[in-house]
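Have a look at these structures, which come just after this line.
Below, subunit A partners subunit B and then partners subunit C, in two separate complexes.
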Partner chain A sequence: MTVNEKQIDTSCRVPLLVLFGGAALWLVVGSVLALVASLTFHMPDKFGDCPWGTYGHLQPAADDALLYGFCIPAGLGVLLWIFARIGQTPLRGAMVPVVAAHLWHLGVLAGLVGIFVGDSTGFAWLEFPRGGSALLFFAYLLLGLWALMNFSGRNERGMFPSHWFLIAALFVFPWIYSTANILLVGWPVRGVVQAIIAWWFGNNLVFLWTSLVGIGAAFYFLPKFSGRPLHSYYYALFAFWTLLLFGSMRGVPVGAPVPAWLPALSAMNSLFLIVPVIAIAIIGWKTVRGGAGRECKGGSFCMIKFSFVAFILSALLLVTSACPHFSRLTQFTWFGAAQTQLQLYGFFAITMFGAIYHILPRAVGIEFAFPKLIRVQHWFAMAGIILFVVSLVIGGVVQGLKLQDPNVAFADSTKAMLPFLRASTMGLLFMLVANLLFTLNVIALIFAWKWSVAKTVFAFLISPLAKTEVKA
Partner chain B sequence: MKNGFVIFLAAFAVLASSWGAFVLAPQLQLGGAKQVTVLNSTDVYPASRPGEAAQGLQIYRANGCAACHTEQVQQDGVACDVVLSSAGKNPSVVSNLISTLKLEGITEEAAQAAADQITAAGGKVETHILATGPDIARGWGLRHSVAEDFLYDYPVQLGGLRIGPDLADVGRRLPDANWQLLHLYAPKSVVKGSLMPPFRYLFETKKIGSTPSPDALNLPKEFAPAAGYEVVPKPEAKHLAAYLLSLHADVPLYDAPFTQLSASTNAPANKP
Partner chain C sequence: MSDETKTCSTDSGTEPTAARLHLPMWILVALLTLLYLGGIYFDHHSGWFDKQVYSPYSNAAMLESYQPKSGAAAALAAGRKSYEAVCGTCHGNDGLGKPGQAPQLAGSEWVNTKGHNRLAHIPLAGVSGPMQVAGKDWNMSMAAMGAALSDADLANVLTYIRGSWGNKAGEVTADDIKGIRSGMGGRPQMMTHDMLMAMPE
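This part shows the complex of A and B:
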């Protein structure tokens, strides 16, 4: 059976609309929350009258809305489409991912409400209370199993580098999410083992999962856009294994009140991350360089090239923050927050923007309503993330130097951060604008599609059906 | 790798080793941890938190306090002070000897050598072990935080970002419940230029009845409510303050030794 690309694209239409549409809304919710949280530093007195207005509620909610609300469903949608395209097979049983996507978004809603009413579990990246996380788990399981079933029934039997990364990611999430929820929320372990498991979980989700999905997608799109094959199969194989190995065994910070071998093992593996980073950088460089493919012009290709560089930088920040003396300096500072944002937004979210701008018009068969805004959106996203990361990386080092000097009063270390925090708030504002523009295009496309469906249905209803029957 | 199953198996193996190292092994090593004996004492540590403080930990969790505060004091190492406890029969010889020696902030070996010399001259000395490092110098703790400090806590709130100061030992550092309540209601009333948002929703502003509430906060003028009104902590605020006061990581342990000096345990540093 031969199928054309159009059939494959349209088979993914409804699941992708649900996954990407919901993700776009959560993206805006998350960046509004992050911006409001950041305002705490500029006018702390204004936030004291209601519980959900404090930083301790807003910041975790903003982080989770970005990660669980946007990154994961967007990543899963891109994964479904890439599987269908590389496998040359239309998505079968589209209802299942549609149901799963609705469950997922419902789980995110339940989790965010839970944080605001004070039901947060208190563990970073795992704040959603159990109702929300149970929904997320089953939604992911359903969607993941469906993706794997479609994968195993593919027409084109080959396996490509993107497959390795994406399949590994499909597999990572249920494992770490069930472990963390069972041992931290369901039947909690005692003492600092909780903190160790929470760190392990956070790293595997925020760094490893996003890296696997983002790099898996980039290894599909970069060759496609540059018109050259991925360079090369063996580099990619090497990068895959080393990323999985070193990326999964880290997360416990230096000096934590836990047995010393844990921070030591984490730091060692963080340093070894330089190996997959160099391999991935070489792959990207050799694949894109001199390609005769399309120019980037602020479109998908541009975004994925930018986000690819952001990944390299984000991973390099992780490597440097594991160096012996530097780790002591940057620990407990904004340096870590900058790295996380670079990973989640600069790398992952922008990869997803590029992919979604490419996929969605093809899947739905309607062009974006505001194509010129795509380029504007990319500029805002880039300016925002650069402003945020640069100011907080420098600010983090300044803060670290002050914290390490006992002659500097603690209040001075916070005061010294204020200019950097202002710049980072500006960065968040830019990212909010970018997210609004992205969501505008996605939502406009969804409404255009609904309108066309409604028109078709309406035309069908009022069509002179009887006449044709009479003729027949 | 032509086969999805191979990827699955290999990814399974890698994740299994990650899980073994970061979930199973720590649980085997620490999951059965029990109370330990305090150094040079028969006391055991830690005691579980009293009821109000345990409830306060849940307020701390629900409000996401760990987004801005850590509970882990770090330490660079230890230094020793050699202190003369008795000059013995030849005070002039001993004091001459002492004036030639460096006795403060020295390594353990140097302290031992100095102690031997002074003992040989007839004096008696004590050697004090002190933790070193910026956190310790700041007064945030007497030693670094260790796993034992969190044995009975759920959830363990170590935090990772110091937008506010470390709280691992805040109960020793700022032991006044009223100070804590004032600070929660209006941080700037006690700490100038504080960035902490006020937690006014943990308090009630109400009309003063026939008798003023004994719990009412004694606020400075610019933070005080309108005349005829008083600010009374809700139970949540009291529990949170009780939790903060219960944060004491101030006993010497085998894996975090230091010499307890009566002066430093009784006189808290008053700087937040």
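This part shows the complex of A and C:
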């Protein structure tokens, strides 16, 4: 191969700095908002005086900042780098993804401002008003097309399983995002169909898109770090198609007031999800087991192993919705919020942390300023997500049991949640600390790079002219 | 291998590869088993894409049975219930009868009559001996299966029989049955073909 890795890595430098830098900032914004939203459970009057400080503004803004602000740009950056690396091809036309990344972050900003001034659309995961959504859509389209063009021009023609997952994710987002925006925000359909589309969109974005990108990345990094081949091509093929097929046809809750075939179809596909989850678990286990690769010392490998387990657990929590008796119990409780957070943070965000810690120093050519904090960050992230998910899963079941008990007043069933909510607020606090440490390292790296660029330019300006350029 | 956090100086240098091990058979068996179970679940709960069936109802017939009824529809529904409890065992819930056991009621000339006098006598008194039903010869006997039913119940059963499975005869009221029953006296004799033909239709 004529192209060396250094060239490939540095070709991705600027787009990755924009994508990851912006994502890191949104991550902190999102987790501050989530923490404040969670505090309103303990101190309902604290922020109630200003309209934008209510739960209804804070929580959607926090969710969207995490998903659109952090998860999607981070995932796209990792995707660009993996495409370049497996394809053994430097990224061409790096300015296009840079422009797309700026447009994307601008779209997230516009969307969040829109939510706070009261322009939210009112659909979960689709709260951004039209302007923000349109920017996001075109930014994604631009970046996705560029990624596909770079993919088709790759030097190493062979396909690796990660390719399937990542390319599917590139196509999934524009499809679901345009459909949901057109049918819910642009030219709204009437009646019960709205709720059905919103559920379909939420599941396909929060579960399917993140699973495709996160598992695609994990299938690249796990064999790389453990120094063993992925186990195996055919397992991954099977997992890919079953995940895509069954994962995309669910999302309508069991008691939904819609024709019975929709919840029944949803529950059936949730049951089928067991199969790809088992296949993915076997792939991870057999790839990593007995690997002679680097040890897990709280670095990237450690994070991706943890997030892989988090994916299995998150998917198994989804599979419980195949059991109508259980999901009738949990349907109006905190159980669902715990699953969503496990999927978005425990699985996806931590996969991205691991990937970014691995990629960014290589792409920029500068080490992180605070390498010891990486391990601390991972401990905070793990403690935070475990505290949050365990307390709300148990709390959700307790709340469900109380809601179904005719002898318990509704207010009492809500009050019984307070200890669990306190624990989950602590979890959010830990995650905020983790996110701050992550962002500190990323931003410090960006400034170190800018400083080195400035120094180079300065050195160039004051350097004496070379003899050959001096004309007599 | 290098330390995790010292990254840019060294790298493994190779991109990951995938082993080509085939899928074990058990996971395909597990998938097929789940597809089968899921299919059963869907069959039981989906109402087969009927847009009017909502959870917790699982099919159109179940939904129908819970609808409140009045007038003729209520009579038909009540008649169906009594028919399926008392008559359906032999005459069949589809009214087609059972060979060697009971003649059919669907399309029977004894059911599709202008009046209901002869028809009502059969369950009230029982019938025996040779008779012809829908072109077939029968020579059996039936006990007075309807004598224990109330006037209203028997009227509903007869209305149901006369209005179902393609039969299009008129309805029977409780007063009609009351009149016929009182005209028969205390312990009536079992009917025969000739006795039935001798009385008004």
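Operating definition for what follows: the second predicted complex is superposed on the first by the 466 of 472 C-alpha atoms of A that agree within 3 Å, B and C clash if a C-alpha of one lies under 4 Å from a C-alpha of the other, contacts with A are read in each partner's own complex, and residues count from 1 in each chain.
Definition applied: contacts are C-beta pairs under 8 Å (C-beta built on N, C-alpha and C of every residue); 3 or more make two chains touch, one makes a residue touch a chain.
Small disclaimer: the values here were computed from a predicted structure and weren't measured.
In the superposition on chain A, no contact is made by A:Phe116 with either subunit B or subunit C. When the two complexes are overlaid on their common chain A, residue A:Ala236 makes contact with subunit C while staying clear of subunit B. For subunit A, the partner touching the most residues, choosing from subunit B and subunit C, is B.
Contact with subunit C, but none with subunit B, is seen for A:Ile366 once the two complexes are overlaid on the shared chain. Shared-chain residue A:Phe326: touches no atom of subunit B or subunit C. Contacts of A:Val258 after superposition on the shared chain: both subunit B and subunit C are touched. In the superposition on chain A, A:Phe138 contacts neither subunit B nor subunit C. Once the two complexes are laid over each other on the shared chain, residue contacts for A:Trp379 go to neither subunit B nor subunit C.
Annotation: subunit A residues 255-259, 265 touch subunit B in one complex and subunit C in the other. Subunit A contributes residues 5, 85-86, 88, 156, 160-161, 220, 223-224, 227, 229-236, 238, 242, 254-261, 263-265, 267-269, 271-272, 274-275, 278-279, 293-295, 297-302, 324, 357-358, 361-362, 365-368, 371-372, 374 to its touches with subunit C in the complex.
Touching subunit B in their complex are the following residues of subunit A: 40-41, 44-45, 47-51, 53-57, 59-60, 115, 118-124, 148, 151-152, 158-159, 163-164, 167-168, 171-172, 175, 179, 183-184, 188-197, 199-200, 204, 237, 241, 244-245, 248-249, 251-253, 255-259, 262, 265, 328, 331-334, 336-337, 399, 403-406, 409-411, 413-415. Taken in their complex, subunit C has these residues touching subunit A: 1-8, 11-13, 15-23, 27, 30-31, 34-35, 37-39, 41-42, 45-55, 57-58. By the touch rule above, subunit B contacts subunit A in their complex via residues 1-4, 7-8, 10-12, 14-15, 17-19, 21-23, 26-27, 29-31, 33, 61-68, 70, 72, 74, 134, 137-138, 144-158, 160-165, 187-188, 191-201, 271-272.
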